[in-house]
Structures are given as structure tokens and as C-alpha cells.
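Step one of this worksheet: look at the structure below.
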């Protein structure tokens, strides 16, 4: 959807909505050492991150557990104060003017609800209406829209604690949008949801971004979320931004591989096919891997022509695997994964320099 | 059986990790011990031998009370709130279908906790109290063992009451309100605020006959060697009797609640 | 401040509305709250069944102390009691969800689960207070008459300050709720009895360190025509509003410091 700036550059002439420059977050952790002694040591949860997000962008923010995703989101919402660096959302310094920023952003934490646990969904919405001072007509319009698109009609009078995870997530997303936020942060919005709920949530977010131009920043473990929603993805690991660009570039850079699972009519010797290699054979089923950046179609066509094919499926690499491949084998980090001032347009795969990764 | 031993050990260990909470609890028990002790001094100054206790026995009673407050769970134990929360969220359905018995499971956890609380929050306030005031400690070393058995039965009775209170969340809306009422009644009728032997006439007789007296009045009297020989056996029978009745009541309520969960489909 | 009060009113109203849909259940919990919070007064009644005075104070005088502190504590508990759950909120991470709303966190925490059943304690305290006023043999003057309502309100402010400071303390010590109980519930229990019952150090601590003595001891002893505790001058009875206002300042600063610490450590 962001065809003009596939590399994540904000639309020219408009200031970025989210702007981070060399942002750091250092935690002091006390660890029990012996019965009474406590040792202090520092953890750099976010270690000098710079990026910009333009208005109307939809960006995936991914990385392994403990990489610093949630810490970043918490700094962007004003929950946490950065230890160093400069951070602006809609021109506001979140940690200084947290409550002023609050009415301009929406936040959904996948793991914990922002709804009032013991009260019906409807009461939470009514409270959002008043607390955010949403004009009546606007509120009703937004609520009707959310109720319809997220299928909340039957749930409005159910106490939140009785909702299933998927229902609650939909309820939370609605609550985060009733006040027309400019930015929506979603922390693992599809975690634990069933396939139908996931599809519904994704569809809703896509429409929201297309129709309202709401800027969306989402963290996820599910590559499908990114594929279906985000034109741009940022990878963070050990508190550092390792990659910033389109998803396809991530596969290229990470040399990640997709897997073709092929069911043949009978047991056969390992398939030989140009552009793919067979990694496993189990009876009539064989596993072939090929570079994720390459299209699967020609491979499938040749397979179908040359082998007695019964069934076939393509497995995407998961993010953990991609990242592990990127950095686990001692490779240099991705060019453009900005260290230093990443101006607009620099934060792309095509950048030239290769910043060294600071040892942990 | 091993399962429940493991659950009890888990309960002990779990509470042992709450270092801050334990220290905070010791502090609060000690503060309340001092406040109550001074009011008792004022009372027993005016009326020596009130309720059959002399001054040092009355003060010992205060500090036993503080030592047992967390152990018996009179001070609103976390288990009730946890169980209520599981009922409210519907997680209880999972527990009911587990191969372990719900009541025994929670009882084991409560015993684990009680053992830890007796060591941590029982010993320290008692020690502070005995430094600040002249207490009447048992003359016969066997009394300590008799006291511990009585405390164990007190924990059992108080657990049985708490279990009934928590299960009421299946039918009542305001779980927190019920817990608070049960907690305040428990404090009063256990003798935590004033020994039940000081309660006059019928009120005293009723209070001493109610199950809550098992949690403090009875163990305290065992500690003060007011109940020895046949009177001691009587005390145990009283506690065990209430425990049986209340635990059985809990079973009935649990059965009804289970049927309800099944009917509603969890 | 205005934002905070508005948010408080909005959240509290929502909770009231939701409990009022079950009127019978509400009436029952209110009634049982009224009865059970009065059990500690029953203890005082039972004590006076055996003695004529406690620490040199008559039943009416002790009832007066009980009525004033219980009403004050009830007011603070109704309006701010929920802040004692802050430690739990820090532990389970739900404090984060309050920080992303456009309203002061204190207002949101204090109004959470606002429950009118807590009126039970206030009513109970007031009943004892009125009863004691009927029994007391006091030469009423205008300042003494005025001091009674002032005492109840400033007492509420004093307890409230301690509750807020205690909540802030729990940001650092998430499991420290019980320490706070020692000052709130413990303070309330202490103030139900005359200062002459307690050791001098304890009384001085409550006058000069954590000035809860100004909830009722200092003004109430003036009303009762007795000497102020811990060697305070008689006119100190009229200082309680000042002391209450003054205690709000460190409580508020402590709260801010706590919130700032949370936001820079994330706990």
C-alpha cells in the first residue's frame, strides 16, 4: 500500500510521525548472589535505536523474546522514560507529556487487557468515551463500525473476564480506536488467536490503515501478520536495530529458506531439482528447501511435471529462524540497520556501509 | 498422597520466595502486637485475672495471636482470593476435571504455606514480644508439641471455612465483600481482638462453640496449659469435629458447583 | 487536578452503576460491612463490661475517640482505599495500562473498584460518634463544636496521605502492602484507644514522626478538656488542618517519585 516509499521513507515533505534517535534504555538489575548479597548489573534492553515512521505507514516490529520490542513500545507510549536519546511521537515527547499523548495514540497489549476486567465491554467503552472526551456522534460512529467489523455485538454485555482470548483481543482493539488515535501500537495482537480471529483482526487493521490512514506499529511472532499487513519490517535483536526494510529483503538478507513439503504417490529416491535441495525423505514424503526470496511457482511446476505428485505445501520460515540465520552464524549485520543518524531514505537494505555490532 | 505432599512443599517454597512480603508481615504483626498488648495491659491493670488469665498470660495470648494470624490464615489468606479468581474467570472448570481432588489440592497448598508462616511470621513477633514483655511460656516441654497439633487442627478448620467462603463465589457477585465479612468475623470470633474467655454470658458461650475459636482461642489455651489431660483431648475433639463438618460441607458445595459448571458447559 | 477529579468521578460512577444493577446484593454487602466493621467497637463494649475506665478514660470518651478515627478512616478508605492494591498492579503489569490513558494514574488507581459498601464503616463510625456525643459530659464551646467535624475531615486527609505514600512505597516494594497496613489499619486501631494506654515512645512517634495523632488524639483531647499528648501545647488542637495539609505535600512528592522510578525502571 505504501508504493511510493517501499523502503520505509516517510512521504516527502511531511515530518515523520514517530521519530527515534539513538534511543537507549538501560535497566539496573539486582540479582541474588548468595543469601543476602545482591549484585547489581546493567541490562541494555534498547541499545541506541534510530528510526522514523511516516504518517499512514504500517510497520512490523519483530525480534526474538527479550530483544527490546516491548521496551521500545513502552517508551513510545510514555510508560517508560528513555535512558538516553531523543524520541518524539506526533511532535510530543512521550515521557514528558504522557497524558497529552495518550489521547492521540491507541495501545493494545496482547498479553494484558486495557479493559476493565470485571465489567461488561460496554462499560469500558462508555468510560473511554468520557475519559478521552470523544464527541458523541463520533463515538457512536466509531463504536458501530468496530462492533460490526470486529463482530462484537453479542459480547457488549459480557464481563471482560468471561471473554475468550480472541474475543477480548477484538474488544481491546476496539477500545484502542474509539478516540480516533493517529498511531496504533499493537503488541502481539494475534498471539493465541484461532485462525478465524486472526483473519478478522488482520482484515480490520488493513481496512483501518487504508480508510483512516491510521499509522500502525505492531510487534508479532507471526510472519503472516507481517506479510499480510506490513510493507515495512524492522528487526530488533539484543536491543539493536538489525534490519529495516521490506519483508522480501529480510529473506534475501537472512538467506532464509522456505520449505516445500512434497507428498509423492510412492517412495522414491531423493528428488533432484535445480534451485532446491532435498533435506529429508520419509517414505513418500520429501522436504525440499529453497531460498525464501525466490518464487515457488516454477519449482512447483517442474515438480508436477517430473514427479507423481499427490500433495504439496510451502512452509514459511519463522522469524526466529530467519533472525537466527541472519546473526547466529557470525555474519555481519545488515547494511542500513542504522547505527548513527539514519536520515530518511537511509534505513534500507540498499545502504552501503556495514556498521559493526557492539559486543554484548 | 505424594502428589499432595509435593503440592504442600510447593506452597511452602512459593511463600518462602516472597521475602519482602514476609518481612512486611513480620513488621505488621509486631506493630499490632504492641498496640493490642498495651490495651490489654490497661485492661488487666484494672481487672487482674480477667477471663482467668493473669497479666503475663494475657500478654502471651496477644503474641500467640500475632504468631498465628498468618499461619491459620485468619488475616484473609491469599488462597481464598486465588480460588475466587479462578471461579470468576471460569478457570475452575479445568481444576475440577483434573485427576487431583480440588479440596485436598488447596488444603495441601494451605498447609505448606502455614508451615512457612509459622516459622517466619510466627517466631519473630513472638520473640520480639517476649523481649518487650514478660510472657508465660509453657513449663512442660510436651506442651509445645500439643500446641503444634492444635495449631494444625486450627489451620484445617480455618481452611474449611475459607473453602466454603470461596465457593460462594459461584453464586454471589461480590466475592471481595464476602471475603471481607468472613475475615472480620473470623478476627472477632477467633478471639484475635479479645480472648473469648472475656466474652460475657451467652455471647461467650456461643463464641467459644463456633468453629473460629479453633484458630486461636483453643491453641492459645493449649499453649497456656489451660487444657491438659482430658481437657486437651476435648479440645482436639472440638477442633476435629468442626473440621469434619465444615470439610464435608465444602464437599457438598463443591459437588453442587461442579454440576453447575457441567450444566453451563464450563 | 481537575482532570484527576473528573477521571475519578467517571470511573467511580461506572463502578457504582455496575453494582447498583444488583440492588439486593449491594444492600446485603453494605449491611454486613456495617456490622462487621463494628466488631472492633463490640470489643470496646465488652472491655467496658468489665472495667469502668481504660487508661483513665470513661466509656463515652473512648467511644468518642473510636467514632472520630473510624469515621475518618472510613472516609479515606472509601475514597482512596484501593490505592493499596498498587503493589499488585506493579507485579502483574496492569499499571502499564493505566499509564497509557489520558488521566492521572492516582485518580485511576484510587477509583478502581470504587465500592459504596465501604459506606458501612463510615456509617458505623458516625453512629458511635453521635452516641458518644450524647453521652459525653463536656462544656461545649463554639471552638469545640467546630473541632468535631473538622477533626473527622482532616483525619480523613491524614489517613489518605498515608495511604498514598504507602501506595508509592509499593512501587519499590511490591510485596510491602502489609507494612502499609501497619500504619493505616494499625493507626486506626491505635487511635481508638486513649494515648495514656500506650508507651511514651509510641505516642511520641505518632505525634512527631507519622503525625496520625492529629487525626483525633490531639483535637479530641482538647474537646474532652484533657492535656494534649506528648507534651504538646493546648492550642495544637487547632493545628490538625495544617498538619493534614502539610502531610499531603510529602505524600504527593513521594507518589511522584514512585511513579518516576517505575517509569525509569519498568519494574
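The first chain written gets the first letter, and so on, giving A, B and C; residue counts start at 1 in each chain.
In this text, a contact is a pair of C-beta atoms (placed from the backbone, for glycine too) under 8 Å apart; a residue touches a chain by one contact, two chains touch by 3 or more.
Labels paired with UniProt names: A = ABC transporter ATP-binding protein; B = ABC-2 family transporter protein.
All figures in this text were calculated on a predicted structure; none of them were measured in a lab.
The touch graph of these protein chains is complete, with an edge between every pair of chains.
More inter-chain C-beta contacts link the pair B-C than the other of A-C and B-C. For the pair subunit A and subunit C, the distance between mean C-alpha positions equals 47 Å.
The geometric centre of subunit B is 27 Å away from that of subunit C, both derived from CA atoms.
For subunit C, residues touching at least two other chains, in rising order: 113.
Across the assembly, subunit A contributes 118 as residues in contact with two or more other chains. Every residue of subunit B that touches subunit A in the complex is listed here, in rising order: 88-90.
Those residues of subunit A that touch subunit C in the complex are listed here as 27-28, 71, 74, 77-81, 83, 95, 98-100, 102-103, 105, 107, 109, 111-114, 116, 118-120, 123, 126-127, 130-132.
Looking at the complex, you find that subunit C touches subunit A at residues 3, 7, 10-11, 14-15, 17-18, 92-94, 96-97, 99-104, 113, 260, 263-266. Of all residues in subunit B, only 18-21, 24-25, 27-28, 31-32, 34-36, 38-39, 41-43, 46-47, 50, 172-174, 176-178, 180-181, 184-185, 187-188, 193-194, 198-200 touch subunit C in the complex they form. Across the complex, subunit A meets subunit B through its residues 118, 161-162.
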